[in-house]
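In the two assemblies presented below, chain A is common to both, partnered first by chain B and then by chain C.
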Partner chain A sequence: MRALRWISFMIVLAGLGWRFPLFHVVPLQQAVAEKKAATFDPTHFAGTFWTNRLLASLDKAVSATVLLPAIQSDPATAKKQFARSVGMGESYFYFVAGTGRVVSVSDDEIRLAVTATGTNADISLPAGPVFGNSLRDGTGLLNVSDYPNSQDFNDISAALNHLVETAVLPPLRTQAKVGVHIAFAGCAEVADESSDLKPLHVVPVMTRLTSNQ
Partner chain B sequence: MKTSLLKVLLAASLAVLASLFLPAASAQTAAKDKIAVVVSTLNNPWFVVLGETAKARAVELGYEATIFDSQNDTAKEAANFENIIAGGYQAILFNPTDANGSIASVLKAKAAGIPVFCIDREINATNAATSQMLSDSYSGCVKLGQYFVKTVGKEGEYAELLGIVGDNNTWNRSKGFHSVVDRYPGLKMVAQQSGEFDRAKGLEVMESILQAHPNIKAVFCGNDAMAMGAYQALVTANKADVVKVFGFDGADDVVKLIAEGKIAATGMQFPKLMARQAAEYADSYVKGKRDFAQKIPVPVELVTQQNVSKYGDYGKK
Partner chain C sequence: MFKSDHFKRFQSFIALAVMIIALSLLSDKFLTLANGRNILLQIAVNLCLSIGMTLVILTGGIDLSVGAILGFAGAFAAGLLKNGLTLKCFGVVLQFTPFGAMVAGLLAGLGLGLINGVTITRFRLPPFVATLGMLSIARGFTMLWTGGFPITDLGPQFGFIGAGFWLGVPMAVWLSALLVALFVIISRRTILGRYIYAVGGSEKAAAFSGLNVNLIKLWVYALGGGLAAIAGLIVSARLDAADPKAGLGYELDSIAAVVIGGTSLSGGRGSILGTVLGCLIIGVLNNGLFLLDVSPFWQQVVKGIVILIAVAADKMGAPRE
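And then the complex of A and B:
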């Protein structure tokens, strides 16, 4: 009788253990894959965003031939009409596209004149390292409120800047000679109107040689 | 007839007098709505300014406001929230101690129907606080990193004093700085230690770094309290003239030392702007507004010897 009671107890215990296991055995590869999937991958995100959304949105950029005269005429009105702001700051962004003639090339930047006869630089494209959040914040396609951890949001900036440096700038540096025409599209941050409007410092998503003269 | 007219006139006068005085009297006796200001620590002047400004703006808006000090301890912070929930407060202006560890307290307040507005530091959740006003530490430190390379040069040894390791601001600042400086292989970080955003700890850590690495050219500090501690250690070691100190916050004592050429740069975070805005958001919530952006970045401005005259009193002059 006592043995029967023990057997019943063990069967109940085994049943409970089967229904509510104290631990799960998971293959190591599966555990690593699950952890990786749960971790935000900024490089993968930036690559997908670049291809599927950023390049697809270039037609939303304001034309440089419209924006630059508007800024020259009245920066406040141009800002109101074409700029995008983030948060509570005074700085703002332009998403701009156009074609310009290269007027100077240095280790740090490539300067373009957008007006046909102009010799002064209207646009500056980077030639070296790219910093800041121009591409992340300049188009309005990404919103910080969608990211519980702002470190992920900041990592996107670094990954996008890396894509500019590896995918956009190498051919640009090869093609950019004084006198050639370059088409461009990208975002410019204006933090200080006294220095950032002329030239506009555009971080490019796309550049293309359009003419050798 | 004459007596009854007198009575009517008397009654009318009393009624007018009552209408003049009663509303004021009832307003004086009615209890004011209450706003709680929960600050991560009051052992740092920057957070004192943040808390006092939030409290002052709440008082200006007609609330009774109280500051609670969490002493950089999530347990103490949780106890503060329990007291606030039991105390019938209408809103909480909150400077969290830990991006993950503070979420539970915010969710408790939310469940109790009390809106929470985070100031300066974030929590790693978008479904808990009503809104979060956050210094854009990453971008601010990108600017600091660029200035660091410009002034220190592209070669040499340097050290970094990190803040509290559980705080997102610590890593946003560090990552922003390194996103620039790590591009220059000649710049070697020989020490990276936590000074816990604390002046005394910053001093202590800097002293030990100087003993182990006497040739450093610069130190990047995750906040101004640690920058002050590091500067103090450098003065004691007679190295204040050869090691450049970079801070972050825009604290008044550091801004003054930048003007004197003793500290290289800091990032101005505008604590008063954020604190006032948070109090105004809480007031709007109490008055019925519900559509708030979850995260509102507040830009950080680079303060150097070239532009220091524009800054002071925890903001732009």
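And then the complex of A and C:
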């Protein structure tokens, strides 16, 4: 009787195990390959995104000659018209392009005057390490809800910033001399309007020397 | 005497009723359906822990390791689900299904609880010391298993028990209600339940009566570990992540709920339903103080005072030895 009870119990257990399997046995090599394929590679993603989508969208950036006067005259209207924000955060982003004359160069930044007669800096481009999420969030091309793992989304930012540091900034640092004209396109994050609008801190996707003087 | 007994039996219930009436008058957000559901969801985890703690305290013991077992079981299940179990000697990986990972987490909790029981009964260690050791061991294993990092993105199937709903009620609440019903029956209607009270009432008398005291204690500590594991699975499922620091300090909330619920720390007296009331009192207190915008520091002070009052009330009503 006791044995019969045990056998019945084991049969029920086996049936449950067949209906609701606890695990699947997978060859080690296959499991490694599957995991590698499923693992998000932010560097690869950022490279593809940069080439195929970011550079292709530069024509969508608002012209600095339009944006900067608009910010000067009425920041609230300029924000409503040209900025985009992400989630419930206070900060917002401008995707901006234009040409400016270099007015100062330091280890940290390169400052440009965009207006023809201006001597004050309107735009600041970084010369050193790049931080923040300007490029990821500023163009509107990437949406956080497409990334169930927020760490992946954060890693994209870091990879994009690394691309700026390695591909965009080295030639910019070489070319940037006071007086030269530089074309740029990039994104600016405005977290504090009192300090971030004048000059506008743009993380560049592209910079190009347009004239030596 | 009759009045005093009646008051003692219902003192937790009266305290809860008074708190609910007072908070309803003080905050218009308190007595709403959404807030009620919120309170039940918040106490679900403590309830799972406290049911096990009640059984342990009824035998005259204590389990300080439940928070650590909660953390380990949640992380163990999450790790198996995300990374599987590699058996290099066989050249295979066991890729766990969400159900399989939950079963493994539950077994891990039962196993650790059983080890608690073995060290207490076999090696005669005081429960305080044995479970304090397990607290440290389980925390260490959790860090080793996770590398100190949270295991995230566990998926909707795993997440259902923590974040899912059935008939508009969170699954975690259903699960804890089911466990309450099950353990009320076990404690009142089964031989094991009667033996637990007998061991707590007088261990010597229980042993002289022919009860296998050690076996009963093994069961109780294993069940405590298993219930902590269920709590760990709920926490991981709810957050969609297993945090290696999950459950830190939860054992204190659990002990507080048991004591406030009228279970005597010296064992033999108390009930699961009393513990449910204890959990509700702590949950309502936390929620009410939050709604009244009381500083978290003051919240801790108030909670401590409530525990002291509960223990003092228990001592005053207890028979003299």
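Just so we're on the same page, the second predicted complex is superposed on the first by the 180 of 213 C-alpha atoms of A that agree within 3 Å, B and C clash if a C-alpha of one lies under 4 Å from a C-alpha of the other, contacts with A are read in each partner's own complex, and residues count from 1 in each chain.
Throughout what follows, contacts are C-beta pairs under 8 Å (C-beta built on N, C-alpha and C of every residue); 3 or more make two chains touch, one makes a residue touch a chain.
Keep in mind that what you see is a predicted model, and the values were worked out from it rather than measured.
Annotation for chain A, partner touching more residues between chain B and chain C: B.
In the superposed model, A:76 lies in contact with neither chain B nor chain C.
Once chain A of one complex is fitted onto chain A of the other, the partner contacts of A:149 extend to both chain B and chain C. When the two structures are aligned on the shared chain, A:3 is found in touch with neither chain B nor chain C.
Contacts of A:20 after superposition: chain C is touched, whereas chain B is not reached. Look at A:88: by the touch rule set out above, it reaches chain B but stays clear of chain C.
When both complexes are overlaid on chain A, the residue A:132 reaches chain B alone and has no touch with chain C. In the superposition on chain A, A:157 contacts chain B only, with no contact to chain C. Overlap of the chain B and chain C interfaces on chain A comprises residues 148-149, 151. Listing the residues of chain B that touch chain A in their complex gives 99, 122, 124-126, 133-134, 136, 138-139, 142, 145-146, 168, 171-172, 175-176, 179-180, 183, 273-274, 277, 293-299.
Within the complex, the chain C residues that touch chain A are 80, 84-86, 88, 91-97, 99-100, 103-104, 152-153. Of all the residues in chain A, the ones that touch chain B in their complex are 86-91, 129, 131-133, 144-151, 154-155, 157-158, 161, 191.
The touching residues of chain A, when paired with chain C in their complex, are 20-29, 31, 148-149, 151.
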